[in-house]
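You will see two complexes here that share chain A, one where it goes with chain B and one where it goes with chain C.
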Partner chain A sequence: MREDELDRIDEEARQRGISREELLKRAAVAGLALAGSGGLAQIARAGIAATPKRGGQFRVGVAGGSSSDIIDGQDIVTNPDQARLMAGFETLVGFDKNFKLKFNGLAEELSPNKKGDVWTIRVRHGIEFHNGKTLGAEDVIYSLHRLIDPKLKLFGGAALSSVNPHGMKKLDKRTVRLHLKHPDATILDALGQYVAGIVPVGYSPHAIGKAKPNVGTGPYKLKSFTPGQQSVHVRNPNYWRHGQPYFDGVVIIDFPDDTARVNALLGGQVDAITNIPPAQVGIVNGRSGRKVLESPTAQWTPLCMRVDTAPFNDARVRKAMRLIADRPQMVKQALSGHGHVGNDMYAPFDTAYDHALPQRHQDIAQAKSLLKAAGQTHLTVDLQSTNGALGMNEGAQVFAQQARAAGVKVNVKILDSGTFYGAQYLKWPFSTDFWGTRNYLSQVAAGSIPTSPYNETHWPDAADRKFLTLYREALRTINRKKRYEIEHEMMKLEYDHGGYIIWGFSNFLDGYNTKLRGLVPGWKGVMQLNNFGSGFRTFWFG
Partner chain B sequence: MSGVAAAAAPLALPKRRRPIVVLLRRAWRLPRTKVGVLLMLLLVGTALIGPFFAPHDPAAFANIPYGKPGGSTPLGTDALGRDVLSRFLWGGRSILGLSTAATAIGLVLGVSIGLVSAYSRGLLDDVLMRIMDVILAFPSIVLALVAVSTVGPKLWLIVLVVGLTTMPRVARVTRGASAEIVERDFVQAAEALGEPRAKLLLGEILPNITSPLMVEASLRLTYAIGLIASLSFLGFGEQPPAADWGLMINENQQGLTIQPWGVLMPVIAIALLTIGTSLIGDGLSRASAGIDRTGGE
Partner chain C sequence: MSTVAAGFERARGIVPRPRGVWGFVLRRVLLGLLTLFLVSIVVFAATQTLPGDAARAFLGRNATPESLATLRKQLHLNEPVVSQYLHWLGGIFRGDLGNSLTGSQQPVTSVIGARIENSGVLMLIAAVISVPLSIALGAIAARRRDGVFDHTTSIVLLALAALPEFVTAILLVVLLGTSLFHFLPPVSLIPPGGHPWNYPKELVLPVIALVFAVTPYIARIMRASMIEVLESDYVEMARLKGLREQTVLWRHALPNGIAPAIQVIALNLAYLAGGIVVVEFVFAYPGIGRAFVGAVHNRDLPTVQALGILIAAAYVFLNVAADVATILVSPRLRTSLK
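For the complex of A and B:
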């Protein structure tokens, strides 16, 4: 588990006291094959070969936000909270633009023993928190303790269930030994999720978002924050990545209203915005000096059928419903084409994703015969939905229309979010929902096993132990090739019998002023705007 | 006794049929009434016959979302790519049906309460009218939202709530108009004859307040159309994928700047419909008050 090429360049540049770009330029002049041609091409493609400039105040309008906004290194409530977390906090490991796990975070080493149940974490040398405290082993231990604290119920804690709170030991100033309850192949994924931020010892121990001072190791320090309105962040002069960040400051502004947000970008009140409604893409692209940044995601708005409730407890009915969906049409009509067709399987960015599963197509004739065999020729079902994310209501309506061809009557019930996410949430027999980008096993933990916090489909069937057995086996298998084989078996089970209709993955549509540089199109991010510029450190004004 | 009845009969009888016919005739002479009736006919016609001329199934996908007008979609497509023209032609039925039903409920309840109030006077009158005042004091849209969010978006509930919020105004007008009628001799005569109370209210008093009621009915219809369209716009009326004018405005507001027809058509239709009904109401009220009378009556 070595660092990737980019990191090696970073490391070397830091030692020589020059920026990565400068180093590359000098290397090119001197004809040195420093990073290898592959590495150079990759860097050139990533658009960071251009020389970044320092200075300026970056203003970004983020969709959503309300008076319940918080800033916490390990939790979020609203969408702007994500941007604020990214500006101030960092994780031990991270994901690159292809959603591959990279050792580009605070950890210089994070390696398992042979069995996979003891991990050694060593943080980089000389990283400082915003208050001047040097990052050390005790901060890592404190952060992990806080993440899994059952009283705080933090967002990122669920994925770290294998961490034994009594099994963390400080070996030296920068090294922690982590004993897990059982071998866990997903621990790196869990530590790489953006909500697993590393916070200093004593950081807001009993509440979320109440830290004073609210400090992390990130590129920007928090200056002021008004929930529901905006936060102001200033450049962290002691930031550990050489040369970064480039802005003097960042202002993150809440913009719940779509029209207002787009107008703010067009009018020049902000330099970038998230979530452009598909209908407005043409308007933004048509304006000189403004552009839309489109990035694929692995976020999905499935139709969820409860496998333990009639009529969907009959696997034939579930299969029929899946055969009813005309996925390309759903992507075209519900997402205005700004997305990718799904195959009833989540986690397409995962290297473990099984691309060999045949793409499922609409087949009304087969759907009808399956329904007939199941005695549901004139099936009528209610489909509950809410305006939670783009694609939920739209997908439900397009599906309802497609179902008519198979003689299935789908009554779309659009509820207010209070009712939808109320007492009945996760109990609706047939509903829509929204999931973000995750790797396969992390997603299984979050939504496809009985202990998952959000298992809408109640998969797997209580009588069927096979899926759970495979899941436990996969977690314990550190060997990647062997683990992928097990994961493929699990995927096949879900693909054949599962309760999700996964028809597509929506793209992020963000807008920016063309004076903004450093944006990478096609970044497979978890969050908008290239994961908010990894904390607004990869953007600059040209 | 029989003398009083005989004296009252010639007074009351000719009045029975006449007021409403006279009113309608007088109102029709006013240009505003004609324009109002024309608009009403146009929109009711669109709503009732329009669906037969729709080029597409209102729920079928005809093009990309917010497709530009042209080809088989003369008014372009909506947020999901459905034909705007077809949805517009299909979308008037529900709003017309619901608002007419709501107005009818409001009229029946309001007239009953108003008549009982005017006739009984005393404590019952006070209690009924204060209850009406309380309902009036609440903004009707808030009442409707409270009801819908507790029970859920049901069409019968919308009709009932809009009917109930229509009721107090009708009751007040009815009571005001009949308060003076109740004092008349023929009513007292009928009372003396021992006519059943219901028959007395509906047979003797009601026919004499038809003019103000006609005016009120058309104004209440205007108001019901507006309220029901607003509730649909907020997502509490017809549920997707149904085509409905109010819902269309909501569904397509995102695309107003690039493909405005999905919003403009229902907005224009609802506007013309309310203008039509209120012009008719205005015509009726002017005719009944004797304004603009051209003579000859």
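For the complex of A and C:
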């Protein structure tokens, strides 16, 4: 089934207030030729090819983790926290393997009014939390309140700034009416992010010893948890998705050390691991019974130029710096080739992404003439970086080498993270940083407008109101086609004048034992291992 | 100069100085406590009072004015340095090491309690194996000086001594865990709540790595000191009296040869307390080493301080124990204290 068809079905489903699956089911029952390209047959074939089996204890080694680990349906601190959240909690809507929004979550309906400022949320019938409570409207209201509570500073709260805390109303047992402060076309993205988990009324994971269990609606219940070491999860017998999950239990183990993690996979002590160092990919693939799963991401480690500070307040200097970057070489050296070339634009998975923007290539001659015109022939700049994510320090160093050809001297200063993220963070004139996979407008809210929590480049220029006007217009535009046009205009502004040098996107490199089934290569995930198997419910042992 | 010396003499006369072996032990223990006190100042100064804001370092990208203020209050960063230190030191004596800054903010004692057991078991097994082994190796090598055994052990031990323990650890994993053979687990996953002695297979590789790390030094000093003893007059005398060579070696020579080695044993066991950090990290062994690395990474000050003082205490304890043991095994020193 082609993507645009799925889109069309989603759109239709939304208008009718039902899910895509339901629409397909009804279509199939009615014998309608809805999927003209033979999509249904394709789905059926895939189903036959892989019949999942039940049973077994799945052990996964996740990179990172420490005593700062937490389990919270709406918050994370470390990488293993993401895996634990996925095992226990679910969102109203979700993303599929192409990073497209799907009505496959707890909500059977999530539809806007014409203007886009009032949304109706109806959750599915008969879903239970791990403690037996039936999911209802009051839980959705509580979850949203908790997400946007400024005191809790939860990870997912920033994207939901349009939600009016006094504008939530319970219509019936399963239905909530959500009044927004202003029309917001990104609300579905915000509710679909994995940290927007739905938790029961009164939920509070930190209330130790109180009768407030750490429960969600997810495929596995939490059995035990020791921060910095491991957590044990058991199958949720009342899980609402038919037949899932397949494992009896899941053990999520912290592995801060790369070597130990790979050794545990090779030695058969775990069934899958995340984050294989690029240098070890060959070793894992060369072993019988072990394989590397490579998935593209929209994660990026940009070089950030402050558009309001010399020398980068001159747009010619910014453009020259962007022309200095030899992106394919940066991906090859900084990411050992496990990534994709960037085009100074984020959100490549977004259907709104403008693929018509010409790919920027290295052009030293033009860079030199731009620098000359700006009076910066012998430019010397400090580039601050830290070991925050793969590609930050590496990208900075490769760029510094490339800059020499244009007569620009880049002094890479690698700081410890305390200093980097200290008082000077977001004030460095030239620095690296890292970002996860997001859609365009959500990313703008997070990093490209004055109210963003992490706007390294101080974009847009204070005198230029155009970008902000377009942004507000895009938020108000519920019609997808019209909104994409506005978003393309915004992207063009950033592509021409912005402060980011976005040279590439890194791939996830995960390893698994080949007895593990259900893994999908090329999954455009936000998290490793196919978003941790959507909570370890899509994997099974063959 | 002479008045000062006289003053000391008077002071000695007034304050009765404990004599004998027990007096010596008492003095060493008191000196050990003084050392620990000084160490506590260094640990505290190095973590909490150096330039740079400890609260900001911990919060990093998530720092907000409110969270900074809360954390500064929790760590007493707003108080004068001396009062911060006294607060912390007082806590140690009450068994209150503060709360970990991370996650659910549990007391440090409960965070590191199980870790101490795990590391303790690992160190103990390593010590129980490596100490007798290295003494025996050293003694036999000395007895068969310049023989095949002596040369072989010399070369092997030198090679092991030259390799840092993370290299030997990784070689062991490659050899026995992942690549050549597969009969031992390459990482030591001891689940929380489990006791390490219930997972003997998981202990093998880390124990071997630690034994390899300390045995060479002890064996070499043992060999040198035994050679000296075996050439001494009283050993000659024993041999002339017609005692069996085994008896001469183990009953008469060894007790004297071991005295210099005791200090080296203590230093190496103390080194285990620090070296265990690296070995635990390689094997993902849930001990204080990994906790220490994690705490430093997270800038979790209370945990770093607690583990720093704990490892220092292990050093001091082992050194005091070594001094006392040296006295007890050498009659000459023992009698000179009387």
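To be clear about the criterion, the second predicted complex is superposed on the first by the 485 of 542 C-alpha atoms of A that agree within 3 Å, B and C clash if a C-alpha of one lies under 4 Å from a C-alpha of the other, contacts with A are read in each partner's own complex, and residues count from 1 in each chain.
The rule is simple: a contact is a pair of C-beta atoms (placed from the backbone, for glycine too) under 8 Å apart; a residue touches a chain by one contact, two chains touch by 3 or more.
Just so it is clear, the model here is predicted, and its values are computed rather than measured.
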Which of chain B and chain C A:329 touches, first, second, both or neither: first
Touching partner for A:255 - first (chain B), second (chain C), both, neither: second
First, second, both or neither for A:380, with chain B first and chain C second: neither
Per-residue touch tally on chain A - higher for chain B or for chain C: C
Partner chain in contact with A:57 - chain B first, chain C second, else both or neither: neither
Which superposed partner A:479 touches (first chain B, second chain C, both, neither): neither
Chain B and chain C footprints on chain A, overlapping residues: 419
Chain C residues within the chain A interface of the complex: 52-53, 56-58, 60-64, 67, 100, 102-104, 111, 170, 173, 177-179, 182, 185-187, 189, 191-193, 281-284, 286, 290-291, 293-295, 297-300, 303
Chain C-facing residues of chain A, complex: 66-70, 77, 153, 206, 208, 224, 226-230, 253, 255-257, 259-261, 263-264, 266-269, 417-419, 421-423, 425, 454
Residues on chain A engaged by chain B in the complex (per definition of touch): 258, 277-280, 282-283, 329, 332-334, 336-337, 393-394, 397-398, 400-401, 404, 411-414, 416, 419
Chain B - residues contacting chain A, complex: 59-61, 64-66, 79-81, 149, 152, 235, 239-241, 254-255, 257-259
